[in-house]
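Below, subunit A partners subunit B and then partners subunit C, in two separate complexes.
After this line comes the complex of A and B, so read on.
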């Protein structure tokens, strides 16, 4: 486990800011103690200082996970957000998409959101803006990237994709092995 | 046009008939509530006479009294053996849980009855539930009535056979024409009216009318009854159950008894269950056995064993009955002999069958609300909207829900994936409730997979403090990671150590939960393979592992913690070897005491079991059984550590005094082996702990030694880290250390003894007269070992 290098921090924060914008600083400067990011097995974990101190007792090969896993660095040094980060993305998300109850299932199986399943969408969403996907009952289901701007969404035909799927909570079951 | 008319007429007719089918009489209020439908709805009958001519074709086919009787006979022939089966285990559960805890099959019915009218009713009112509960009661009542009816019918059966010829003719008549039938009913009705009182008396037999000849027979019977001392009813019943037995019996009893006594004696003996002879059991071995007869035999056998002095067969002793019972149980429920024997030791016989029966049905599916993300009420509402039929889980849990049935898979709803609940057995709530972690504490879950209890701990702590979730199996840890992230738990460190190494990795926990790996004898319903796969060696192996784990768990607890210092030990096994014995062992080895678990139900742990005697405080532990609590078999014990000192020398002494008789008592060969291994295992770490303490007392000089020691044990490759741990430890352990003199080995035993006597006087009883000598020997052994270790150090 080690702190992130500057490069890694930059890549990760760039990625995060696509979803939560300047709210990143709320993640770093928290009123309830210092929180930090650590790299372990190519994965980035977000934890409080207290837990970090305790986790140093555990040898590297025996440590499985600390705090919350945000995502991992690929072999090409890109950062990929995991669904486990949803707990921290959802409250701070700037752009949101709500899907209709019928489409929930489809999205949770890893499909893109079509116009026909789109319930609501935040105003002024840009194209390729990171969005968090909610059910109509305001339960966060995952996140993705807006394929169209809000304006375009109004006009397109029902079968066209409006949100590209990136991660959904169904992965807790589908990809349990690769979460860590 | 013509067609249309016909259609219209037909339609009218249908409409008319529709009305006729069951006409509502506004003056006569229909009863509501549970009960037989026909009892409530009387409107139709009163109206029926008006439409009788038209109604004939549509009304349900009425059978003549005889055909009804015949039908009854047919049903009876099929039913009688099953009847017993139906009666058996459907008892309520003993404690207050009985409201929600019903055997799975039954609860399904309850769910259906309640339907999904309004969810809120589930919460505020228990009325509905009560109603539902009434139903089975009524059913029971009806059953009784039916039984009575059947009995009286049984009597008639013999007489009926005489006029079979007549009936044959009637039979044909029945099939040809229904109208005739009705008239015939009327005929007999009028005839019966004439016969007056007797008919009224016979009404209990389903209100059926009797043939003259039957009535005559009845009269005869009544006469007999008044003459004879007891009725022959029992006789009839038993004849069916065990024919062959009866034959034997009669031979014997005829020989023994006087002529006059035979009637009465016979009846008495009918109740007595007889052991089958040797040749019969041989036959059974060859032929395919009938499970029904075996079940009946088990029941009879248990009955005899419960009232042994009155019901026993002369000349047979208890052992023979028990061997037969064991054999029958293992064939009927397909257990291996070892497990059956263990279970017979564990339960009173009356409970045993209930327990085995409960293992055949699944426990209800329960879920736990994740209070970090939602509230139980909201979750229940969301799930009800998805077509899940649920109810709150007992009074003792505020977060549990029972799922009766569901139209969607409960483990894959969006709510589940969003982490609003966790699928978790009711029994898994208990250890965490017993642990009652407080906010801001440092908690260790020693074997955490798949994370159900860990996440429950986290939600009780509201995501504050730190939880260390450990498991020895890396594969199973993946589910822990998944569940922790899904449920939004952020205060967890997940690691993959063997639990036995734990105090070396880190210590000073406020609370530790040890859900020890076990033989799984409490969850046979989940995994029926346990029935046949376990034997003595398996139990002993897991007991040994559990003893090691519980010691390392205790060593990880910080007794000086202002809020905690608690350890909860639990297993999903019901074996005494894996539960009370392990805790008793820990009580002897470490400075811990049992405290109440805080669970207000469950059965007390054993303080004595067969030849073993445990510490009396073990009754504070709790046992849970599938048949009495409708959750998996479970054991929970809560321990409080009152001193961080590991009683090394005294432990050596106690090992000698207390362990020795146990080894002698249990003559199993595998038993001695683990206990030996235990001893050697124990002495090494305890010594290590000892020297570490010394090192701390001596200051920097000793630190090198710690390093050396840790290297030698090669527990963890990082030496300096080890030292850091030791330093940390010292901070926490300073309190007791400061008071202690440096020459521990000489001073310790007496001090410890005093401590022991002060803390637990009852332990003193365990110390036998010869303990002085043994004590010295123990010390010698200890010194010898120490020398050896020092030599080893030099060589290294």
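After this line comes the complex of A and C, so read on.
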């Protein structure tokens, strides 16, 4: 486990800012204690100082997970967000998409959101903007990328993709063995 | 008594003589082998185990050493001697026993790159004479070396090749080519030395090759970048340039549990920087905004019109001129006709003034 380098921090923040914009500040500077990002096995974990200090008692090869996994760095040093980060993305999300109850299941199985399943969408959403996907009952289901702007969404035909799927809470079951 | 004493004396003298001789003459069954040059004597006589007993061992060894040394000294005495500053000195002959040298033999000179190649290809060095007979000058000229280069009697004229640029200076071309060859040879010489000493090869930059590979060019770029007075610290990156890999720099990380507040501060600084770099005018965003405004306006206009269909048709007829008036009149006539029941009068009015048609139809409704 080690702190992120400047380069890594920048890569990760750039990815996070696609979803929560400048709200990353609230993750970094928290009034309820010191929280930090740490890299372990190419994965970025977000944890409190207290947990970090406890985790130092565990040897590196035995440590599976600590705190909340935000995502991982690929071999080409890109950052991929994991579904486990949803707990922190959802409250601060700037752009949201609500899906209709019928589409919920389809999304949770890893499919893209079609226009027909789109319940609501935040005004002003740009194309390729990171969005957090909610059910109509305001339960966060996952996140993705807007395939169309809000304006375009009104015009396109019902079978066209509106949100590209990136991660959903169904992964907790589907990828149970690899999620940490 | 006297005679007796004389005999006795003689016998004693003889004995003394024998005693004296015995001290310098040693009898051995096998002669010793001498190498006087090394002051070495080898005794090949077998050692009697009886005389090599426990008590007499020391005595036996001492006497053996004395005897053999005596024999060696005798050999030395046989050599021609001279007196230098009241000291008798014998000149020792060349040593015959080959002795191993103290130091290991020197290592063979490591082969140069060319020598390696020549060995691989089986190229053998041919001896060339330095002097060659020059037919035109009718004398012996050197192949290389003294008076070879600046010989202006030779090639005072060069034919310009057909493919070459006629304005090119062939002599200058030749001299630059020569200079380049010399420089290349020097570089190769230095690289040979460096290779043998296991140092870094001097050609880290762009080595002159016919077709430099992408890798070589990358390395050359990174070397050129760091070759500034500030070791490349203020050198700008090209837009899509990647950081050079395998530069031999060790990665260094912050401690796991270090200064949390400074870490936080650094991250906040970074966030501030990232926020400031965002462009002020986002084109797609602006276009979207414009589109949304248009949508809103349209919607508002539709709302103002009340009955959407009618209003739209009225608009269209307004755009068209004259000939379309009849069609517009039909459309406009239907809704207008219900309350008023005067189909004839309205179409004419619309055809005359397009924009006004709406208002009039509305008025007709009321």
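The rule is short, and it goes like this: the second predicted complex is superposed on the first by the 180 of 180 C-alpha atoms of A that agree within 3 Å, B and C clash if a C-alpha of one lies under 4 Å from a C-alpha of the other, contacts with A are read in each partner's own complex, and residues count from 1 in each chain.
Definition applied: a contact is a pair of C-beta atoms (placed from the backbone, for glycine too) under 8 Å apart; a residue touches a chain by one contact, two chains touch by 3 or more.
This one's a predicted model, so the numbers in the text were calculated from it and none came from an experiment.
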| item | value |
| --- | --- |
| Partner with the higher number of touched subunit A residues, subunit C or subunit B | B |
| Intersection of subunit A interface sets (partners subunit B, subunit C) | none |
| Subunit B residues within the subunit A interface of the complex | 382, 411-412, 414-415, 417-420, 442, 466, 468, 474, 477-482, 484-486, 488, 490-497, 505-506, 716-718, 721, 725 |
| Subunit B-facing residues of subunit A, complex | 46-48, 50-51, 54-55, 57-59, 62-69, 83-84, 87, 104-105, 108, 135, 137, 139-141, 168-170, 172-173, 176-177, 179-180 |
| Of subunit C, residues touching subunit A in the complex | 253-258, 260-261, 263-264, 266-268, 270-271, 274-275, 282, 284-285, 288-289, 291-292, 295 |
| Sites on subunit A touched by subunit C in the complex | 1-3, 5-6, 9-10, 13-14, 17, 22, 24-25, 28-29, 34, 36, 38, 49, 52-53, 56, 123-124, 126-127, 149-151 |
